[in-house]
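The first chain written gets the first letter, and so on, giving A, B, C and D; residue counts start at 1 in each chain.
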Amino acid sequence: MREPITRILRGSALALILLFFLFPILWILLMSFQTNADILRIPPRLGFTPTLSNYVALLSGKLATSSGTLDITFLRNLGNSLLLSVASVAASLVLGVPAAYAFARYRFRLGESIAFTLLSFRFAPPLLVLLPLSLYFQILGLTDTYGGLIWVYQLITLPLILWIVRGYFEDASPDIEHAYRVDGHSWWRTFTRIAVPLARPGIAAAGLLAFIFAWNNFVFALVLASADKQPVTVGALAFVTAAGIQYGQIAAAIVLSILPTLALALYAQRWLVEGLSLGAVKG
Amino acid sequence: MSGLEISGIRVRFGHAEVLRGIDCRVAAGETVVLFGPSGAGKTTLLRAIAGVEPAASGVVRIDGREVQDLEPEHRPLGMAFQNFSLYPHLSAYENIASPLRARRLRTPEIEIKVRRVADLLRIDHVLGHLPRELSNGQKQRTALARALVAEPPVLLLDDPLRNVDAKLRYEMRLELPPLLRKTGAAVIFVTQDFREAMALADRVVVLREGAVLQDAPAEEVYGAPASVPVAQLFGDPPMNLLSARLVQEDNRVRAEAAGMAPGFPDLDITRMEAPLLGVRPEDVLLASPATGGAHAEILAVTPLHERCVLLLRAADGTELVASMAGAAPDPGTFVSIAGARHAVLFDPASGRRLAISDARTEVVA
Amino acid sequence: MSDKARDLCKARVAGRISRREFGKRITALGIGAAAADGLLQASYTRAMAASFDWMKYKGTTVKLLLNKHPYADAMIADLDAFRALTGMDVKYDIFPEDVYFDKVTAALSSRSSQYDAFMTGAYQTWQYGPAGWLVDMNEYLHDAGKTAPDYDFEDMLPNLRASDSWSGVPGAPLGGTGAKQWAIPWGFELYSISYNRNIFDQLKITPPENLPDLIEKATKITKDAGGPYGVGVRGSRSWATIHPGFLSGYTNYGARDFTVADGKLKSAVDSAESKAFHELWVKMIQEAGPKNWATYTWYQVGQDLGAGASGMIYDADILGYFMNGAGNKEAGHIGYTPIAPNPEAKGPTSNIWIWSLALSNFSNAKDAAWYFIQWATSKQHDMFGARKKDLVDPVRASVWADKVFQDRIAGSYPGYLETYKATAPDAKIYFTPQPLFFNVTTEWAAALQRMVAKEVAVSEGLDQLAATINRELRDAGIG
Amino acid sequence: MSDFALPVPAKRWRVGRLLPYLLSLPSLLVCVGIVIPFVASAIYSLQRYNLAFPTGRAFIGFGNYISFLSDPSFWNTVEVSIIYTAATVGIELLLGLAIAMLLRERTFINNVISVVLMLPLMTAPALASLMWKLMTNPGFGVLSWAVSLIGLSNFKWASDPHTAMLTVVLVDIWVYTPFIMILLLAGLRSLPPAPFEAAQLDGVPGRFVFFRVTLPMLSPFIVTACLFRLLDSIQQFDIIYAMTQGGPGDSLMVFQVGAYLEFFQYTNVGRSAALLMVLWVITYFLSDRFVRQWHKLRERRQGHA
């Protein structure tokens, strides 16, 4: 159908793009199978004897350095990341999906103002709230609790979910829901059986993006939580040690920290793109 | 009373009033067609009745019970939406079963009822399909089945034939009246197509700009539109509206225009500046030029169904539309206008109907 | 443990027998040297307990905020001894250095009672002290009821004790009159040259003696060593770039950061001495420093030395120590040498960094936390860290005099002790204490980056820097 | 018999009017909890407030803001932030759009590529920066080695004021282009096929279709993507702080890095808060404009549909 020259151009453009975006990932993957000595060679080389020592160190929690064996809490950090991200996204979905529905379906006094205010939290510089927040959390007794962190994480996840899901609801015809209510189903049943299932691609995609952003957060947990509640983003800095930066372990940590998100993304692949489109479900 | 009774329904969208106090009654077993141009508020009225569009004021009674303050799910009615509004993630079977499930019927009972209505609408072979796997006609029948399945006392059908092809529409026009009558429900059927209205309606309610223009049996709306707008809306091709001259004659008044001069025995006004004479195209009596009468030039000819429609210029220069059976004459030739079989006279200022012609046909000398 | 061995340990602890005598007799009892150290440690603990009510806060838990550092690792390794001694429990949060001080600032500025004691440097106490976040330890040190009789604060090197002690008046000398003891020194580092012996041997050059000599040799390495560059120093836009080798050399050239008159500070970075030194330093980086020097923290400086990417570093002596350890490519090839950058100078004038322990003013268990700090800075624990772990620049004179420690260092890290000894006498904090320390040094690092990038000439850059610093001092009301 | 044996509900009062508030208030309340610190920050910004000078704390009105006006470092921050934001969002938008166009067809391979291309987004910027720092290390860095192969042996990446911006922009592009790509891809795939088929049948040139059909129809998505990226970009912190801490010199001193240093290094709460308030005003203004535009485009798009 298409001219071969276009196909070649398109193919090589894609190849270049994949190279740019995936080369660093590939390099990190390679690094995760190397010892620090292999990584710190001049000039860098491809050939090396692969080792699983980085992964072993991460998973066993023992890091051997020149200044002795250090305990590392990577698995705990990974668990914290999972807990914080999953709980934050779940809370955001519970709070945000009904709100998104309200903004999409009803025109009500102050509705737009509330919607914009919610969005504007996404735009507030995190540091702006972070500075007094630690003081405030101290008063509320939320310092160093998962609950407090999940609350603050709402600043990241809630607006994203709210706005993407709202667009999705807006583009879906309300008549399908009307029909269901006329059939005799309550509002709540209609919301849970019709509105939400139909918006599932949008919810899945928004949830995934929110998950990624929550997962990548650094500064909130750093300031507000003690070491045993830190996510991987902060925890991986523990590999910057006096005896040298443990690049191999950092690389392995990145690989391991990407895996859950990647798995989620591949699972949600079929909804991901469709879900971010404002395009409605066509009956 | 049993059936549907609405009064004083008002709906506002922001500052615009979309429905300005609608009153209407539909008896059980009766089919009322809600007719009007787009934007008239037909769909809004159905929605207000169903409760999915909040009404600013007004009363909706179903079988004598006020329901305007109830949520949609508590109103005993069924509704078919113009765009079908099937649940895309549920099979046709589940779509149809939905009202029954809402009423918590037991599974075998649901099965029986769904099968029955599906048989009736000839979609029993596609019950397992998802909506996107259905043809438009099947979708339409599924939507209809869903509205019918719980045998509600009130049925609201929002232009259900609009999105289906001509053949199916024709079939459905024939099938629907007995079907609806069988349900015994009070039916409101929305359409923009006057033929559909004529075919289905026990009564037609003509709606424009949020107000009822006429509420009468279909033949009456056709034959005796209550006002100029109704005359313009209802009918295809629409009624000729010709500026007429009143002529007092014995015990009646004649209105002369374009070579026609129907008589109006009940008219008590004798003098009026240019009243409007409404004549349906098929009521324009045509004759060959040889038979005398007023000559008119044929400007254009279009076939419409089994008849052909002629655009004429009468001797006095008035243009009008007539229709006739048989072979189409050539444009440029002449016919003779012999009179009007039936005509309506309107007040040009208010647009209101003044009188209906008597049965005698007259030919102007 | 046999009674005989226990008696022997007690005798050693009480100072009745010499170390050598102790070693000889314990060997005679058939106990290996390592086991004997353990015995000694245990009996020290018992000896401490004998003369002081260490069990007073039994059952209390102390929570610490720690930086990820070998010194902290050494302490953690010895925590069981503290638990046994006091019946208290210790919990700790440990954070990487990149974010550690931000974490401290966040915790203290929110007046959090979460942490009772934490690690700090001296510079930080110049902020934390005036801010009211720290407890003045003098009230504990001088209270016989709270401090064990054998604690011997005077055993700590005087410059270190003074460094953590300040009156809070900007410009007032450290350890001067009215000074408060904001923190207790615990482990420290000073600044000298650590070099790659292989590279030096290969190029047949000797360790540098002063800055011009260093520049010459470093330039030669960059040119001739076939890959490695000459000298690694820090360069990130941070106070940390200013305080190690840089300030040591700066001081050696007779330059000061401020002049103090009538209680007001004035920047002295635009002095002739300062400009002369900056010219050399900038030249050194341009000609023989790491290419992306401006992103270098001590991790990169150390990493390059350990991986053989640099010929030498002018940075913390302990950094050279760590890079000589297993896991690094150049392990065992690192040499150490003191440096007095100014050829005219009598000797090195090294600035120092002191890891200290401070007591949070918001702690709900201050007395108990003091017990912990007291233990962690005691001779006993200092000795444990120095002998067994990597607390290699311990703060106590008695530990430096310890033969076991000396032998261990001399064995694996030749030149380290000698370098320390040559550098230590004049090693102290050469900054003028004042609360805008971080503003000034960060601006300073940024200015240095611009000079190295040739965005501004050295002299002009320093004039601008002085003006900026003076303005900030005035704004804060101390200039 | 009809199935309408419906119970008469007790309440005659319709919950409908309150429903939207009931639905949206929980999320609002959750966020309002966060507003309290925000107000505290606003108050701090009106004070001379350095934690290390507790006695000097005083209300000084807009003093902090006024001092910015004459402070060249503040204007440098504004300039650097604008350049950074314009460069990152501009390039990411173009690149993201190009990739989305390439992956437009709904094939399995394209779907997989689009997920795989999101890998950089899944790498936390704090960690990604660490790896980029290693990759651009002149000794061990694979990228430094690669550019030396093409003759750039003295390329100093983030260390040179001339290339530092380029380097962090590169990292930002690497991390965030996938975000724009995925939003625009979703947009492209949701466009109705009819206009494109018609254009193809009519033999309308591709470029014309792109500029006159694709771009206008895609604009709500472009606005959304830009909105999120623009506001994230102007608030950039992780990458710049991890790579250069705002250096060399002041060449990368963006708002949040400046404010972070003011607070965490200099304990100058008042100045830090004032700097952040300025940033907030900028983002509020920008987002307000964008949201208006977004509503307008959506209405137009729905009007077409």
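To be clear about the criterion, a residue touches a chain if its C-beta (ideal position, glycine included) is under 8 Å from a C-beta of that chain, and two chains touch if they have at least 3 such contacts.
Note that the structure is predicted; figures quoted are calculated from it, not measured.
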item: Separation of chain C from chain B in steps, with touching chains one step apart; value: 2
item: Furthest chain, CA centroid comparison against chain A; value: B
item: Whole-Å gap between the CA centroids of chain C and chain D; value: 41
item: Centre-of-Cα separation between chain B and chain A, whole angstrom; value: 56
item: Geometric centre distance via CA averages, chain D-chain A, whole Å; value: 15
item: Multi-partner residues of chain A (each touching 2 or more other chains); value: 40-42, 135, 184, 187, 234, 237, 240, 245
item: Set of chain D residues in contact with two or more other chains; value: 6, 15, 17, 139-140, 263, 269
item: Overlap residues in chain C, where contacts from two or more other chains coincide; value: 102, 106, 109, 227, 300, 307, 309
item: Residues of chain A that touch chain C when the two form their complex; value: 36-37, 40-42, 64-68, 70, 134-135, 137-138, 143-144, 222-224, 226-228, 234, 237-238, 240-245
item: Touching residues (chain side chain D, partner chain A) in the complex; value: 6, 15, 17, 19-21, 23-24, 26-28, 30-31, 33-34, 36-38, 40-41, 44, 95, 98-99, 102-103, 111-128, 130-132, 134-135, 139-142, 145, 148, 174, 177-179, 182-183, 185-187, 189-191, 220-221, 224, 228, 231, 235, 237-238, 255-256, 259-260, 263, 269, 272-273, 276-277, 279-280, 283-284, 286-288, 291, 298, 301-302
item: Touch list for chain B against partner chain A, complex; value: 47, 50-52, 71-75, 77-79, 81, 83-89, 98-99, 102-103, 131-132, 139, 146, 150
item: Footprint of chain C on chain D - complex, ascending; value: 50-54, 56, 67, 133, 136-140, 144, 154, 156-162, 164, 243-250, 261, 263-269
item: Contacting residues of chain C [partner chain A, same complex]; value: 68-70, 73, 92-99, 102-103, 106-107, 109-112, 114, 227, 299-300, 302-303, 306-309, 318-319, 322-323, 325-329, 331, 389-390
